[in-house]
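What follows is one structure encoded as structure tokens, with my remarks underneath.
Labels run A, B, C and D following the written order; every chain starts at residue 1.
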Amino acid sequence: MNSGEQDARKTMSSQAPLTLPKRHYLNADYGVRSWLLTTDHKRIAVLYLVSVTAMFFLGGAYAVIIRLNLLEPTGSLVTAETYNKLFTAHGVLMVFFFMIPAIPAVLGNFLLPLMLGARDLAFPRINLLSWYVYVVGAAFTMYAVVAGGLDTGWTFYTPYSTAFSNTNVIAAGVGIFITGFSSILTGLNFIVTIHTMRAPGLTWFRLPLFVWAHYATSLIQILGTPVVAITILLVAMERAFHFGFFDPARGGDPILFQHLFWFYSHPAVYIMILPAMGVISELVTCFSRKKVFGYGFIAISSLAIAGLSFMVWAHHMFVTGLSVYAAMIFSALSFLVAIPSAIKVFNWVATLYRGSISWQTPMLYAFGFIGLFTIGGLTGLFLATLGLDVHVTDTYFIVAHFHYIMVGGTIMGYLGGLHYWWPKITGRLYPEWWARVSAVVVFIGFNLTFFPQFILGYLGMPRRYHVYPPEFQVLNVMSSAGASILGVGYLIPMVYLAWSMRYGKVAPSNPFQSTGLEWRTTSPPPTENFAETPIIDEEVYDYASPPKEARSV
Amino acid sequence: MPTGFPLFPEQASTLASEVDGLYLYLVAVTFVFSVGIAAVLVYFAIRYRRRSESYRPEEIHGSLLLEVVWSVIPLGLCVVMFVWGAQVFFHMNRPPDDAMTVTVVGKRWMWKVQHPTGQREINELHVPVGKPVKIMLTSEDVIHSFFIPAFRMKKDAIPGRYNVVWFEPTKAGTYHLFCAEYCGTEHSKMIGRVVVLEPDAYQMWLAGGPVPVSPAAAGERLFTERNCATCHRADSGARGPVLGGIFGKRIALQNGETVMADEAYIRESILSPAARIVAGYQPIMPPYQGQLTEEQLLQLIAYIQSLSPPPAGTAPASPTPSPGAAQ
Amino acid sequence: MAQHHIVSWKLYLGILLVLCVLTVATVGVAGHDFGALNTPIALAIAVAKATLVVLFFMHVKYSPRLTTLVLSAGFVFLLLLIVFTGSDYISRNWPITPAG
Amino acid sequence: MSEAHGGPLAHHFHDLDQQREAASLGMWIFIAQEILFFGGLFGVYTIYRNLYYEAFAAGSHHLSWKLGCYNTLVLIGSSFTMAMAVYSAAVGRKRAIVGYILATILLGAVFLGVKYVEYHEKIAPCFGDGPHTGCLVPGARFDAGALQLDGARAREAQIYFSLYFAMTGLHALHMIIGVPILLWVAKNAAAGLYTPAWHTPVELVGLYWHFVDIVWIFLFPLLYLIGHH
């Protein structure tokens, strides 16, 4: 099979020195105006890249203070009040302003039209609008954070948020409400684009799995986000005008708020993880040089996850006094949603079998994703199991679990995808050695940060604790130590990616010899994406055939 | 309370071992799958690492058989988790009939406890080994969560509602009591301890301190003070139903429906009497909304629960204190 | 959409009349007590009216299947929200049998 | 709303059919989103109506079903004129488009006017030093006596009126947003931009308007006609 008889010259080094294409989307126009008024999906993706990166490092900075505070059981670094505002800001920024837009609005925005062979998304101006809506929402939320902060936790549980907290609930709520519409508009644009803008010959089952994953994600964005938007609006009304909706003192039921909140916020977890799964599908197949195993199953499992995700939300509420019968239904459905996720993992691993596996940086992230997502997913079963959830819910076990999914899953997928498509986005290669180092550092730092939290959680340490009993200190110190490594792991790519934009080696149009339409145009692509509309006459992930090169523009 | 560097929490209730059994099963599944997947992944990644740039592996489309196998096996394991987990959960939610009832009221940022014998505690709970304890849980302000890790037991305290949870301690000792639902600034200080005593030590603890008034007795006093008996009495001209023996029974309502006279219904009938009127009575009782504390409500409920059924011939019915009792 | 199928204005006028009649009908039936059926009847009339608007005024009857699918998705997920939330409220006070 | 261009084909579409299909699908997805947006309120309504049926009935009896019915007919009428505007565009009667859209706006304004009267009689008594007899805005000044309710019932009735204002307010807001869009379409129609071959903006604003009508078709019986009258 893979005898080493072939000559092992690397494609990249074998080519003559490359130059950037003369015209591409980055130099099509200059000046601040050309960016702020652009309707080019690629430029909007770059705008999003800058914004979500800022939010990520801001949210990360809060996490640093939180972990520093937890070094000591007495939590002497910040006051309880400050601590509560820190974890709230960390949660709100990371969930609503980083995780949810990260992959769809940056990579999805950049790649969907390219992958579909289209010139742009269906509604370019709505695309730009969604970025402005995001910025306005972020401005409101940042105002809430700066002008005294918010201490409700990202979950806004009533009646605390409506009747007791004396922090900026309304401003933050308005910010999240507005940002929700940014997410809805993105999802709407994606679905319409996928339905109506596919190039000739690009049938549904020839779509890259990245597109399938974004289709499923968009469904959740469209059908879930409005519910949380109206719920947050009701919270604001109850708080501002003393209308009764959820406050028991006004006859309301605080549990109803939780139902509405989790109707969106559980599926929202899949808004965060499904696009990452889409990225991983691309990486695994590309760096194995082999068609993904079980394409149809991976594609359909994305839709299954999106659909089922709307029927499992009350597993966040098993200790609220939820009806035990309703709890049983939600528990059973929660197990069902695990199956399509498991199918994906098994298919990715099977893809490696007899492949030609490269250990380049994106693949390292994909390996990391598969490992961490497996642990994150399996520990999710603990929370679906009724009798066990009672003990571990609202403890650090939960914190560890969702960080395995979101940090171990989504951010690994995001970074893997960012490296993989970086040459396409910027036209330059990232430094491979540094990138591999940072991938390893992130993996080690991540596990050291969050694995001890599983143990802490089962021991019974509740989440959102500013001070804690002394016997939990050793594990907390381990976690904080890991967080410092993780922080370094995130800073390294920030530096070398920024460096590579100017000094990196010029990238060929298809540096990894991938299939997929986005590699059939130049790096970076021209504003109109393709010199002429591509016509697709081959199956998806056709790695058995020799790679197609870009046609010059 | 443990010190040093524990990796596994103490087991101190009958439920703890049940939950731990479930936990170990899931840990085993997690371990087998994550290590197994990681091992296969690493093996493939090394075994099939890229040796030549020009090599193009053979295409493998997929396998229906494999897809079925790796869907059905996890599904089977999940069914076990579901059934086992649901059994444990039902057990947790069904207190034994002989459990002693302790009322717990959460308030920012403390736990207020009252024993059936009347002892009151704050942020402490003394219970005997080997006796099932049922906790009646509510909150005066925001949502809290009553969490004793050593008992593997947790339940939210929700304002305006009663939640029930129970445990049977198996080992004397002192254990953590936490608030697990974020409730504001001092959330992490809303903690306390559960002291599990051997039965005779518990009796000594009960005997110590001032002579307490049991919740039922306190409820009786309230019942008198507020003139409830003016209407709720056992003669035929009474304006309100007789309350003896109604607790836990189904009662016919004016609108033709029936209702279980449980804690929630009695609470509602005190705070908002007109909501569900007992058949044969007029909605004349004033609402007590805002006039009784959560603890007083629990005491009234304890009193009504303690009343024995009236002699035969008197129709049992539900509570409706007098109109003259308004303050 | 409508390009391919222009509905006669007479049909629109007919729909308008039916809608008005149904509106009067819903007020009419509200004057009678059908017991437990009061709400289902009122909702059934509302659904009938909404269906007429969707099919004819909004041309769904003459639109691609995808349109119907999108619209149904909205209603189906709304139903999920209400039914699953309702399942908690309905069964909250059901007794727990001493199993387990 | 959707990326409705003033006429010619946008650069990233191949032909008008593709553009029309995309715009229409976008609008329908927007409507699906709106269903869930209002749906959150309908969900809250369903739960509380079943928990607090009598307070809801008492609150409902306090609304004027006559005004509600009148407004329903007005809004159905505006839906009809809107449908006629689309029809006129499809058959190329350019001046009729403008006329029907203006009629739609007029009927919408009548609806909002009636809504204003209804709101005013509930809100006006809440101002000043009091007594706030007849004030039906939830909060400290809420006059439960007007509904002959007390205790917990009075609080439950406040939930009814909270929902009443939230649902009808959000609905009215949608109408108010619709008016400038209708005006913009009317302006373009007057300029002769819409032809039988391409009048997507008229269709899209029509879909939006009909959707708002449908919301009211449900709000009317659910808010005005609880319990028999």
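By our rule, a contact is a pair of C-beta atoms (placed from the backbone, for glycine too) under 8 Å apart; a residue touches a chain by one contact, two chains touch by 3 or more.
Keep in mind that this is a model prediction, so the values were computed, not measured.
Comparing chain pairs A-B and A-D by the number of C-beta pairs in contact, the larger count belongs to A-B. With each centre defined as the average position of its C-alpha atoms, the distance from chain A to chain C rounds to 37 Å. Centroids built from CA atoms put chain C at 40 Å from chain B. Residue positions of chain C with contacts to 2 or more other chains are 66, 73-74, 77, 81, 85, 89, 93, 96. The set of chain D residues touching two or more other chains comprises 25, 29, 32-34, 36, 39-40, 43, 47, 51, 152, 155.
Across the assembly, chain B contributes 86-91, 93 as residues in contact with two or more other chains. The touch graph of these protein chains is complete, with an edge between every pair of chains. Across the complex, chain A is touched by residues 1-9, 18-19, 22-23, 26, 29-30, 33-34, 37-38, 40-41, 44-45, 48-63, 66-67, 70-71, 74-75, 78-79, 81-82, 84-93, 108, 141-143, 145, 147, 149-150, 152-156, 158-161, 163, 176, 178-189, 191 of chain B. Residue ranges of chain C in contact with chain A, taken from their complex: 66, 73-74, 77, 80-81, 84-85, 87-94, 96.
On the chain B side of its complex with chain C, the touching residues are 86-91, 93-94, 260, 262, 264.
Interface of chain A with chain B (complex): residues 1-11, 75, 80-81, 84, 151, 153, 155, 157, 159-160, 163-165, 248-249, 253-255, 288-291, 293-297, 318-321, 324, 327-328, 331-332, 335-336, 338-339, 342-343, 345-347, 349-350, 352-359, 367, 370-371, 374-375, 378-379, 381-382, 384-391, 393-395, 455, 458-460, 462-471, 474-475, 543-546. If you check the complex, the residues on chain D that touch chain A are 2-3, 11-12, 14, 18, 21-22, 25-26, 29-30, 32-34, 36-41, 43-44, 47-48, 51-52, 137-140, 152, 155-156, 158-159, 162-163, 165-166, 170.
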